[in-house]
């Protein structure tokens, strides 16, 4: 009896340990493989980032960024060397041509995934980076290609960073930090740096988003007063260093109106001027499919107890939208609700 | 008369794969339309079935099927989920679109709400991008009348290039016209030449660049233009269908079925 | 003809290349050109004279969704539906019960006179038939009234307005406003409610709707709530206000269910199903005049007969099972008494008793048979003829079996929260294809029901009330 139960327990233990897919051993092996892959890819990214700043990475810089002990870093770099992806010289560690290609692939997966999370899953800006840090190591080339096509081959990630192309090229950012931009001249936000997280949160709190027009109203020694959407915000210079801006070009096709559908009061009418540039992917398609294309007449039809959502009259139908979506529809308001008809 | 031939014909093999039982049926008719246009009422009125008709968007969550007879022929009617568009990636839209593309129904009835024609025509135009064989059913004419809206169905039909019929499905008004039009299109008696929306010039250029390749890969594919557009748009499902060879298979079936369809038309013409 | 001159991959590569050459706003301009063409076509074939009807629709909507009246009107409508149901179902229920039990007595007598063995008479008439009789008389009248009335609201187009009014709350809970529509479907049947969650596109929010649909009391559970409301709440107020009080009690339970739905959605949104609320667009259809004949047909044939049929399918074997439990002895006591005394401590701890828990175990296939099972267990071999009105049932429960207000309240809570019926669990599995979510959907409500009932029972016992 006793022997039997010991036998059964032993068999169970063996199964739990060694089952081909779900066994602890197999899980542990998978985990090890994933960890090795993610470490070497993170190292490649770090070396690439330093090269973009015209610096060479070192064992110390790697250990610092990745939070690893020197021995572990040494193992990672040795692995990269065997794969022919890096060369270490006197000044530090440099990427080989194939190593740079590989690093850009990882960056590409990361930024496309951020785009996907933002466009399709509506994830807020602050949560994109950590999620993409995990996903970038497990996406296959095939998956990345499909994602790219599905998203319509986007050129920038939600922060404004350029996405590397499949052939391994990447366009330059061509933007300067907000600190260097002359006061008074309007600029377009090209990029928001998402690391360190604490600074990024400050930027998000000030409601800054890529593709917004910003104007430095006042330039102090430690802070800037910037104007966005007619509202002024005070930003520390250290924060402004993480905001990159560029000249507004005619092909940006920016809507000049500042009124949004969410600003209209009940009974008011307007004409759709366009959709906000930061509304992308599925949510953009939804709004377009509702018929909210430029030139369409919209009327605020219904409020409810909580003031959100509200219903709008569009092309002969009544459609309810949450505030978050109504904010993304830019509007040219009609002077008064009666008598003003849209020109065809 | 040629049901036996039909059972073995490849288009019907595909239908069976999509879960539509087409035994004892001569033609397959798809029913598309925006939500809340009385699509279920049309379905009930045509098939005599009693699917529940609720007044809220997305009520029909499962695909319903029914049948009706006309002129000695049996028609299978497949009720697709109500959608506003075929472009987004939602589950409903994918079901409708896949059925139109891969199911290749003999006729597609697009039910539109006469009181909000502009909004509804968006879907009609998209359906006409995929298939030539369509009939537009302008429903809820009674409600439109109450709201002081008049719809000139003849002019609409002329502009769209496919038959348009005005109906009041709850009182079965106009349904016999609808069935006659469906029969005409399904049998190929009514020639349709759907109006296609001209895309912006640079998009047209890209389409022109891609269509020859698609036709080279799958000669005779009926909606190569639409497939090109969807590929440019990065449509996941269409990409997959292309890679898996499903699209090429569709084109093969189309070629094999063509002589059969011609013989069907001849047989009908002879009988009359 | 060349066999395959172009590979699919080549087509894809070319399309990706061409796409990169296109402007970023390519999709926008495609949709815009479709709508522009649609506008032209509509402009040519539509003639409009004024917009009288739309104004009328809008006037109604301004009341039904207004800042101050929107929610009260919603509660009032819900209350009215229950009030009509309670008021109308009382007498027919009694008449059905009287009729059925007269048949039972006569048929059992006839069996005996024919010399049938006692166990056959008992199993067929006091087991199977009695189970069916209870289910039909308790279920049929409320359903036959509730379904048509509710379908009228549905066909008018009121349900999307409810979703519109409540969306803000759902958004705060991290859920989708269309969940309100799926909950409305859940009133009829939770399995149908779970299927209707397909209208929610976001998988995360759809799962929330599936997992919490159970907190809407379905038609199988209404009779329990109505019976308790009539016996315990209505009896405490003057007869003139009885039906109002009962309806108010049911509305209160439903509201509590909504609170649980929102609370559980909120908790899941911050734990297992973490994420943000996705986009929400909802069409508000114009009001339509419902066609009465069709409503009667769909609500009576499709819904009532369907649900009742399913209930009867489980009631017949359940009736037989109860009769066997009550009549087969092991070690001097019947099986029923044994299982009841086994469940008694647990039942008492959560303010219920062993019989109620046994009824819920037997009723796992369908909630509809909870009340019939309970009554059959309580009454044992007593003649049914005597127990047909609510007053008589009250007499049995309070007088003979020691029910208190706590028992009633906790049974209402337990009925609202406990695990979904087998059909719903199966539907959850079909919709999610995941054993994990199905298990959660079944066990989470059960655990919650035990916890809440335990809490109220302990609170009432500890506090000097």
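Per-chain residue numbering starts at 1, and chain names A, B and C are given in the order in which the chains are listed.
Following the convention adopted for this analysis, contacts are C-beta pairs under 8 Å (C-beta built on N, C-alpha and C of every residue); 3 or more make two chains touch, one makes a residue touch a chain.
As the structure is a prediction and not an experimental result, all values here were calculated from the model.
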Fill in the blank from the handout: Centre-most chain by CA centroid is C
Completion exercise
Greatest contact count: chains B-C
Practice task
Provide the C-alpha centroid distance between subunit A and subunit C, rounded to the nearest whole angstrom.
Solution key: 42
Completion exercise
Expressed in whole Å, how far the mean CA point of subunit B lies from that of subunit C is 37
Fill in the blank from the handout: Two or more other chains are touched by the subunit B residues 87, 115, 117-119, 122, 233-234, 239
Handout entry: Where subunit C touches two or more other chains, by residue
Key = 12, 15, 19, 26-27, 31, 35, 39, 43, 160, 282-283, 286
Handout entry: Multi-chain contact residues (two or more partners), subunit A
Key = 148-149, 152-153, 282, 285-286, 289-291, 315, 317
Fill in the blank from the handout: Per the touch rule, the subunit B residues reaching subunit C in their complex are 35-36, 50, 52-58, 61-62, 87, 90-92, 115, 117-119, 121-122, 124-126, 143, 146-153, 155-156, 159-160, 170, 195, 197-200, 202-203, 206, 209-210, 213-214, 216-217, 219, 228-229, 231-234, 239, 242-243, 245, 247-248
Practice task
Give every residue of subunit B touching subunit A within the complex, in rising order.
Solution key: 84-85, 87-89, 115-119, 122, 233-236, 239
Handout entry: subunit C contact footprint on subunit A (complex, rising order)
Key = 121-124, 145, 148-149, 152-155, 253, 275, 282-291, 293-294, 296, 301-309, 311, 315, 317-322, 324-325, 344
Completion exercise
subunit A contacts subunit B in the complex at 146, 148-153, 282, 285-286, 289-291, 314-317
Completion exercise
Seen from subunit C, its contact residues with subunit A in the complex are 12, 15-16, 19-20, 24-28, 31-32, 35-36, 39, 43, 58, 61-62, 65-68, 70-71, 160, 164-165, 167-169, 171, 177, 202, 275-284, 286
